[in-house]
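Just so it is clear, A, B, C, D and E label the chains in written order, and each chain counts residues from 1 on its own.
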């Protein structure tokens, strides 16, 4: 009955980035009461994220991973890699929100605070060493995003998005909990490392109960990363939510979902790899097929990007299915690339929104190249990157996952993925076609802003540089898995 | 080597004229072309003299195509055969160039005309001077090209454009075989060089090749393929259809290309390849039969044609048939001899008709060549009339003139050629009757009687200028005297100079007959020539209404002949239209647009349609989504846990 | 890597050649005036051409080894390197590309009025991509260039193309992409079986099992056959060619189509000799079909540009036939014919572009009698027509003759059937020429207004003359060009002929059993 | 049948029945009230399992706070007209079928579950020494400090969220 | 002694009933209650496991689940209210503005 844990300095220092995130979030809540210019709040939010980024980067080179808070929180390179994705995501999102939220008349401090809290939730998920903490992080993230999705409460579709997201999210958490409960019951623990040991010592990696637990967790995580058939919330929520939040959601929760999927499947259930790979294969196929195919019929660009993000989840899954460390590397590599190209695309989407004009229809892009050659060129790059055409980063991402899938013997999956990326090319191309090959219907005014410009510059450069010199990212991803 | 200039001079003339003719040279184009071709003629004379002295020249200029073991050079061979051909080509060309100065005077494409003619001379010279089959092929195709340009010279006339195209494409059919023959020669002999091929010919005797499951004698196959080319170029059955249409070109072109030189390329080529042909009886017989049949076949058509140039054109086809007949029975030198004499009198005939056309060029549309609208021109154009008479005497084989000697040689050699030869001899004689008839018919219709055309035009008719008549007179001399180099031994011992001259290349013909037989053959051919003449005279001078009667009496036959056995129509029906229709309706409209494009556009359409259907799954209802999740989870559990 | 000859010039010549256009594109990006953009592009393409010339002069014809090789580490974790070099097979394509790029800039001088900047950037990037494909000796690098080209080409067709441009552009893109992604899968499989490397030379020297070869060959075939394009994967081509702007058509016909055949030579054949033998018959049959089929479709065409486009199908049929004849004449003829086709068809598209600029119609029926209206134009066109028909003395003849020779030698019936293509070729080209240039012209229609037709101007003549010179140069002295290939082709054939494939495989059975 | 088993039987029947009642009542208020009864039973079950603390939390938090919140909202929305229409969706057979199938699957899989893992140190006796509350309290603030803090954050977010969504004025 | 699997089966059945409720009902609030039911069923099994494993981890987890459930209730109900203000219905089969 001894207390086995006492709080120490190393515990606090390990969660410094999370702490920074949360405290800045709290600060923003308070500042909101006194500061009238909401841009300042946003800037402070970015600063907070940057501080956290610094904190993460400074420990990135550490030689060994660290478990703190009584094996609850794990600070390792894997989580750091994901945290960087989260920081980029939140920073980009805040940057593109400046003007947008003002147009939507919803620029208030809570918005930024919630973004930071959601990010904190993701960070906790990525660092979770215990299913319990994983669950809590997930809920922290989820609850924040539910609110953010429904933020524009004067808009029916924002409400509806929130309702759908919330209900289905809660439904899926129930499955997660059931899975956790089963795992706990069988192994007697919720600690990820201990689960792996228990599975090994008890020799229960073939038991149906464990399998059921894993399946339920896959269902729940599959919901977060929008795998078919657990994807159905995604298009509606992406379309209904404020565009900046759509951008945020299309990257953050997805990355977090993959982070925990990788963590749980590889670390806790590593010995059950054949089983869960088998489950994921049909999901991956369905995801790629349904995502690519339905996107073809879309006329709303947010919705189209939603389906596109579903399809991308399918590609990312290939790396996990491979079941090797390299496979996981390819997935996280893909995620990082996806972050840049997807946010880049959403930045252009958001720039079309202006007072009294939604700018979400694909027709709205007609003739954009004529009036805004630069924006169109960037969108073109993002679209080709999402398609996976070299020399953009999107190609590197796809190449790597295909490579690992094939290496693991899933050549047919790679072929399906390749063919459906051709299908997906069709709808990405359509944007390009509208921008470059149609005459403008009416005058297009872009809502530009400095921060958004910076985001575009960074994402575009990243897409091109990673596309041409992928080594930079590859070694980082590699390093983050091996550590 | 100085002789390289023989082809190069006309080429140079072509280049200069085509590049600068339109803007700078214009109506002075002949000043470039005529000296060039005359220069070639002089050089040819030098070459000929050299060959007479026994200098056979065979030289490679440079390696043209080298690929693996395939190696072909640009190289020239000037031997006895080439020398004769050079003489024929350059001399007649020179005359025709001069003639054209007058004939084409004032035409807006004057420079173009001379440019093409020069290019033609170049091509023809390459053809005859080549020392290997591929270069021969080069010249072969190049003359076809020039023929295309010159036939379609008046491109604004649809018929001219059609005729040019037709000539080229029909020739391509022949070249198809020729080209394959060339390839087969290389694969058999490992070289395309005449000398190597011919010297190795004996060694491959009896070698066979598997052709679609049949074993075929290689040499025979090669010869037949080569002969395909000859059939096309020399307008033999069944590829003769282009030559009459080629009359759409200006008359000097008809004279030069379609009578004197280009069409004889086939004859030349077969003669050139005689070491190969001699080894294959099948090929030889084919050549002979095709020649004989063509000779009579074309002659029958010529009987009833109204267009003056067409009559001569069919006459050309017929005469070419004679030449092939000669080659086929192994009398190569006789064939070449006839080629040589024919060049003069046929050029003369064409140029003469050109002179007539020139005189009548004020006549109404299309009437200038219609013999039914002519008549009585004798008094207006005496020179033309008399050269026409000379040419006709020559072609019909009246003793003493050029045509007599060469034709007689052919018939005699045919007569000696066994049973088949006898048959061919009979064909030849029959053709000779017809030849006499239609040739004299032409003269009577054109020059005798009274003018039947537009009376108002009559006073415009005049004799052609000197620049036209002088070449005519020179050619007339040729038409008379050209045959004197080949007098058969039975008439004059040791006077067959041309046969002896060509013997090193073409060998001596086989077969011997008695003097009596030979005299008999001569007598028969003279007799038939005279009979033909008399019949024509009877029908067109004495009883001018007779032709009409006969025509209406034998209406079907007349129609058959007049419509050239409907061969053009037949080809159109069974080759041209089906191919065009099939390519339009089946290949393009159905196969390409429906089947392939159907699949290509169908798959995206299918996916698109599927997409539209599939998006309905996304109903927008929260509970449906939940249900999908639940069912998804259930399926996974069912499949992976219970069906493991 | 001792099996290559490193670049011994004091500058990286290949890198410069490939990336100078990219540099040019960046400069163009910063310019504003259209004139400046045009001149810059012209200068850049011209410079690239000049830079590429030392490749010709410094080339060692006596060896089949890769020359001017540059090697740098690029993605070490995947074992991928920046590895470029040329041999006798690729060298001529580089020159062809650099030459045609100049011409495409020249021909667009007036034709491209809107979005000139984007246009020239596309052309320059395109040039870099094409050059890259021909010099890459690492599969990854190759693939990047191979696909990167799609983007500018897609834009060229889609933005500056004709009426139906969007359809054509998308079709082109997707068609090619489908082939390419299958190849990508093949590349990855090769990567793992070939010892985790994408070095083309190393992969070529490996031995692969017959089954693997079969599948890999199929995967590569998908990409290359579409690009060639072989029957029945050709239907993107008429659309793309027809709708593309002149420069686009020139590049498409001149260079892009060559990549498929180049791919066969560089990858499929040396790497999968057994599978090559296995696929020999179907490919030759498809080639022959393409020759005849393409020609037949041409006979039925009513659109000027479409006709030339389909003639490419026929001509490229010759190319594949020659290549898969697997003898010296066939392969060398095939390579030469690729160049020839680039020159001839490139020039034909230039010509059509020139006349389209004046008449604004591509319907053959609208033309007629142009020989009288535009004699110089007609003159140039007739040269090209006969070059395309394969008249001796011009380049088309050399290529076609060698190909038919090679095919005949390999299997007589293919040679014979291919030769029929020559007849049909004459048929459709001459008929086209007649319909456009002969007979009576509608002089009134072409005299005034929008449709005013005038003869070639100096710029256009300058654009065309180099190609005409090349036509005759190759026609009369092909050895200049063939000599570059001899050793490389000999080496290639030597490699393939080492196959110990016994035959007797049924492709269909293998395919079906493989899938199920 | 032991007493424990008898009581379990009672709870099992009640819980199942109440669950069915909760999901089938037409009026949401009825549902909530049946839920209340259900929660009480669950709390009872917890007591059986030596989880006194949780039993208390169940009553206080769940029944006392969450359900009350539900009631508030239902009344706030004043759903009178909602009640007259049909209560199940058209897809209910599918939903019911899925639920039934799920029940069968789950029962088949977990039906024979037994304790496999090594027992922990919190045996009944060990806990009973200081009492359940003490034991939980101790570890909650030591071993489970981090999740505890995160949970507090979740609650904070909930507060903000509720305010933002329901209260905050949009300019 | 009550065997562990009795509890687990009970939990499974309740979970399924919750699922049915979520899938079959049209009233958003009752759907929400169904979710709460599912969570409670999980709680039961967790507590049961905790008891039989002699580990407090399960109970702690239940504690957190209840906390989160409270938070979820607050947010979920806020969302419902916000929704209701714009669209006066909480019938789930009338909510499909976003679809396709």
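One rule holds in what follows: contacts are C-beta pairs under 8 Å (C-beta built on N, C-alpha and C of every residue); 3 or more make two chains touch, one makes a residue touch a chain.
None of these values were measured; they are calculated from a predicted model.
Participant: According to the touch definition, list the chains common to the neighbour sets of subunit C and subunit E.
Facilitator: A, B
Participant: Show me the overlap between the contact partners of subunit C and those of subunit D.
Facilitator: Correct list: A, B.
Participant: Comparing chain centres built from Cα atoms against the global Cα centre, which chain wins on proximity?
Facilitator: C
Participant: Specify the chain most distant from subunit E by Cα centroid.
Facilitator: Most remote chain from subunit E, centroid-wise, comes out as B.
Participant: Write down the chain pair with more C-beta contact pairs when A-C is set against A-B.
Facilitator: A-C
Participant: Would you mind checking which chain's C-alpha centre is most distant from the centre of subunit A?
Facilitator: B
Participant: Centre to centre, by mean C-alpha position, how many angstrom separate subunit B and subunit E?
Facilitator: 97
Participant: Please work out the Cα centroid separation of subunit B and subunit D, and write it as a whole number of Å.
Facilitator: Here subunit B and subunit D have centroids separated by 103 Å.
Participant: Taking each chain's centre as the mean of its CA atoms, how far is subunit A from subunit D in angstrom?
Facilitator: Computed from C-alpha means, the inter-chain centre distance equals 31 Å.
Participant: Distance from the CA centroid of subunit B to that of subunit C, rounded to the nearest Å?
Facilitator: 38
Participant: Scan subunit E for residues touching two or more other chains and write them down.
Facilitator: Those would be 4, 8, 15, 18-19, 22-24, 26, 31-32, 53, 55, 57, 60, 64, 68, 71-72, 75, 79-80, 82, 92-93, 95, 97-100.
Participant: Tell me, which residues of subunit D touch at least two other chains?
Facilitator: Residue numbers touching two or more other chains: 89, 91, 94-95, 98-99, 102, 106, 109-110, 113, 117, 119-121, 126, 135, 139, 144, 147, 151, 154, 157-158, 161, 165.
Participant: What positions in subunit A touch 2 or more of the other chains?
Facilitator: Those would be 132, 136, 139, 143, 146-147, 150, 153-154, 162-164, 167, 171, 182, 185, 188-189, 208, 212, 235-236, 297-298, 426.
Participant: According to the definition already given, which pairs of chains are in contact?
Facilitator: A-B, A-C, A-D, A-E, B-C, B-D, B-E, D-E
Participant: Sort out for me which residues of subunit C touch subunit B in the complex.
Facilitator: Touching subunit B: residues 171, 174-175, 232, 234-236, 293, 296-301, 327-329, 332-333, 369, 371-372, 375, 379, 386, 391-393, 397-398, 401-402, 404-405, 408-409, 412-413, 415-416, 419-420, 422-423, 426-427, 430-431, 434, 437-440, 476-479, 482-483, 486, 490 of subunit C.
Participant: Taking the touch rule as given, give the residues of subunit C at its contact with subunit A in the complex, in rising order.
Facilitator: It is residues 74-78, 115, 117-118, 140, 143-145, 147-148, 150-151, 154-155, 158-159, 165-166, 169-170, 173-174, 177-178, 181-182, 184-185, 188-189, 191-192 of subunit C that touch subunit A.
Participant: With touch defined as at the start, can you tell me which subunit E residues reach subunit B in the complex?
Facilitator: Checking each residue of subunit E against subunit B gives 19, 22-24, 26, 31, 92-93, 95-100.
Participant: Give the list of subunit B residues in touch with subunit D in this complex.
Facilitator: Residues 621, 623-624, 626-627, 630-631, 633-634, 637-638, 641-642 of subunit B touch subunit D in their complex.
Participant: Under the touch definition given earlier, write down the residues of subunit A that touch subunit D in their complex.
Facilitator: Within the complex, subunit A touches subunit D at residues 1, 3-7, 11, 15, 22, 29, 69-70, 72-73, 105-108, 110, 113-114, 117, 120, 124, 130, 132-133, 136-137, 139-140, 143-144, 146-147, 150-154, 162, 182, 185-189, 198, 202, 204, 208-209, 212.
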